[in-house]
Amino acid sequence: MHFQAYFKHTVTDTGFRNTAVNGLVTGYQLEIRFPGYRGSHLSCITRLDLTVDGKKVDPQDLLFCLNGKEFLMAQIPELFVEYWFILDNATLKVAKEGGLAAGPHEIRVDFAYRVPYTGYYGNYIVAEGAHVRALPLAR
Amino acid sequence: MKDSNIKLGISLYSLTIDYFLRRYDLERCLATAQELGAEGIEIVAAMMVPGYPWPTAAWCEDFQKLLQKYRLAPVSYSAYVDMGLRSDRDLNEPEIVQFTKNDLEIASRMGFQVVRTQHAISPATLEKMVPYAAKLDVWLGVELHVPHTIHVPVWREYFGLFDKYGSDHIGIVPDFGVFQEYPHLPWFHQAAELGMRQKTLDVLCPLQRRGVTEEEALKQVPDLTDAERPIAHELFKDFHPAALEDIGPMVKHSRYMHGKFYHIDENFHDACIPYDRILPLVRDHGFKGFIASEYEGHQFDESIDATEQLKRHLTMEKRILGLA
Amino acid sequence: MKDSNIKLGISLYSLTIDYFLRRYDLERCLATAQELGAEGIEIVAAMMVPGYPWPTAAWCEDFQKLLQKYRLAPVSYSAYVDMGLRSDRDLNEPEIVQFTKNDLEIASRMGFQVVRTQHAISPATLEKMVPYAAKLDVWLGVELHVPHTIHVPVWREYFGLFDKYGSDHIGIVPDFGVFQEYPHLPWFHQAAELGMRQKTLDVLCPLQRRGVTEEEALKQVPDLTDAERPIAHELFKDFHPAALEDIGPMVKHSRYMHGKFYHIDENFHDACIPYDRILPLVRDHGFKGFIASEYEGHQFDESIDATEQLKRHLTMEKRILGLA
Amino acid sequence: MHFQAYFKHTVTDTGFRNTAVNGLVTGYQLEIRFPGYRGSHLSCITRLDLTVDGKKVDPQDLLFCLNGKEFLMAQIPELFVEYWFILDNATLKVAKEGGLAAGPHEIRVDFAYRVPYTGYYGNYIVAEGAHVRALPLAR
């Protein structure tokens, strides 16, 4: 039951909106917190799945954005010099032609991370949790 | 506060939930520590230092000014050994050395003379750090944390180093969590939230207190649910307190201790960690240094007021130590 | 300048040495382009976009204002396919797609409708980008660069795509370097600097011009030194110009061309790249778009004044095209 | 002879000085440019050797500092999301008790990098060069 308290705060209130480049709506984005008490190297993230309105987003359509950079989900395990400061929100950008319709959507984030200093007797704790909430799409 | 060898501080980690939810920024955490009457603070760098693990020199200077503003001593810079930060392998020794040198230097720039590290540093690497800690005039303390005791092999090795080099620049940071005997109140709150029934606890807890094994105890709960199973397992796995006789050897090599706690009741009593026996032993063995109140109930029940808990913990410590 | 289908621009890459040595910042490069009378510019994003590959939206807006200030058209955003950026493997297709989508989006935010990419994108990946380029209304041109010609297999495939999808959103960016026949003046400067003797060149250069093989030619220089050997090898390896007949098919699928050059003499003549034959063919085949002057002599001799070279190149182009 | 022009500008005029933490002189540092015409991902660096006064610095004593981060030399090949902008100088920090003596020192940097877009017919060009210069230690 350790490291469980923060998962329920993963998806933030703000930043859920459609994205556009020069008027072309390319998808949508939302913001998440790192669901732990301290920051983490991104390479410690072992799972990050986004489900919107009951449908899992294909990781190929997802970009993880932090520290002014944008990463493919497949790169996350390799990002051992990218630190997620606990007060910084990360942005998940989803490529989806036309974006999402106005109004509320159900957002679910399944998240897991290795606690990198817990190798007691050789095993690292992996903290796992999910956060589900309805969020209105900002205009 | 009376003059005493033992000084009382606060680990800002205690205020995690307020910080995490952006209710308190770092300065507000410091202000809270001052209001509570703490003489000094511990900071968890990986949590509260912007730019970690490479904060700017300017930020480190500003931090020292903040401490002066709130009249708080820089007690301990809390470092990790994030040995598992890579997904393909553990950090190797040159990486751990650099990781730790970096923490020692930042700590020094921030004004700290105590750096808390973790056993993952390994005795061999700690030994290599002795000259560097000496040059920087920093004391590098390894935290003794659940599930370890001073009797596990790695800690026997650490004590060997203390005998060899003295404990002017390396030592032990005991976390009083090693003396925890039973689950704490926030643990029960979280257990309930996760589906543990009171009737199951009513059967299992007394058995845990009597030292019955998990296997034997579970026979008394034939209707254990899937949700209850891992929680019941924790109940029997997690609470194996170290012996209070270990406090003597700890004090001998310690300049800093973690006053870990999960809940102090309205009568200023910890029902799970025997502070009333720990603290007199710490004092009577001649400990000289800071004990930082380290509240961790927020990991289990975020609705509890951390500041109130800190206030109770400091009050309890002062009463037990006769410092009130 | 007369109204013409062909417009003359400058690649800011031409000013590399001034930029690299911090003599010119980006704005000074733009001011120089305006002073030279260029109608528009190409920017090499990996060189001049702070924060690349993820510049901020604010920076992209400010850049457009800078272009307006200097009355310059945003002609081409020059993108790479840094397929070898990792040390363990080449980028895979999803990575190249994302790399290129990112460039298309930044280019679009910066106001560019032409994006120069490189053949490492592969025909298969380029084909996948067609709908996205169409949606963003960007033209994604693959640069044809030495040592390629339009007859190598990968370029036959690109032309197959142009036939299939048209060239409204994909196409070819010919770099006139493919027509280079002989070494250029800065090459001779660098060769001398690296130890190539004039007497060796006096023997080898005429042989290279006559099409003699390296093996045969070296027999004429029995005293070739170790310093000379790799330079002699370059002389025979690097200068195999594409046929000028290829210009027709290029023009058919091009909106943008690189006026690559290494040195224009004081008589406004390029002694190595036959501009006097290239440009009339480009015009007569009906090319409509920008040719950007792309000075590259700085890679060989940094003491040459790049701005003067650009001035000469523009003058030469105008004379040949009758735009003066 | 391609990509040779910039190596002669690798070591900069500025930033060569001893380093200290709270009065303890821990070593020295100097600044270098990326010796190419454009920026590079750090993973493209294939060689970076520092020689001071004729003696090669042990890579174990060297930190490569850029973008507000500090890297061990052994990590360089893995840093494929760390971009070296061409106008940013990198700092080489050398651990050396007591630092260097005042006055001029001969600094030599041997540098090589993969040009990541040059895989013509399957091979990447590796640009190589060295820069040697005398530099006075700043006070």
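What to note about this one:
For clarity, chains are labelled A, B, C and D in written order, and residue numbers in each chain start from 1.
What we mean here is this: a residue touches a chain if its C-beta (ideal position, glycine included) is under 8 Å from a C-beta of that chain, and two chains touch if they have at least 3 such contacts.
The shown structure was predicted, so the numbers you read here are calculated from the model rather than taken from an experiment.
Ranking A-C and C-D by contacting C-beta pairs places C-D first. With each centre defined as the average position of its C-alpha atoms, the distance from chain A to chain C rounds to 41 Å. Between the Cα centres of chain C and chain D there is a gap of 29 Å. Here the spacing of chain A and chain D, counted between their Cα centres, is 36 Å. Per-chain Cα centroids separate chain B from chain C by 61 Å. Annotation for chain A: residues 69, 78, 80 touch two or more other chains. For chain B, residues that reach two or more other chains under the stated contact definition are 51. Contact between chains, using the touch rule, shows up for A-B, A-C, A-D, B-D, C-D. Partner chain A is touched in their complex by these residues of chain C: 51, 54, 56, 94-95, 98, 102, 105, 108-109, 135-137. Chain A contributes residues 21-22, 24, 26, 60, 63, 68-70, 72, 74 to its touches with chain C in the complex.
Of all residues in chain D, only 1-6, 9, 33, 37-39, 41, 43-44, 46, 77-78, 80, 83, 85-87, 114-120, 124 touch chain C in the complex they form. Across the complex, chain D meets chain A through its residues 69, 71, 75, 78-82. The residues of chain C lying in touch with chain D in their complex are 13, 16-17, 19-22, 44, 46-47, 50-53, 80-88, 90, 118, 120, 147-148, 187, 190-191, 194, 231, 234, 298-302.
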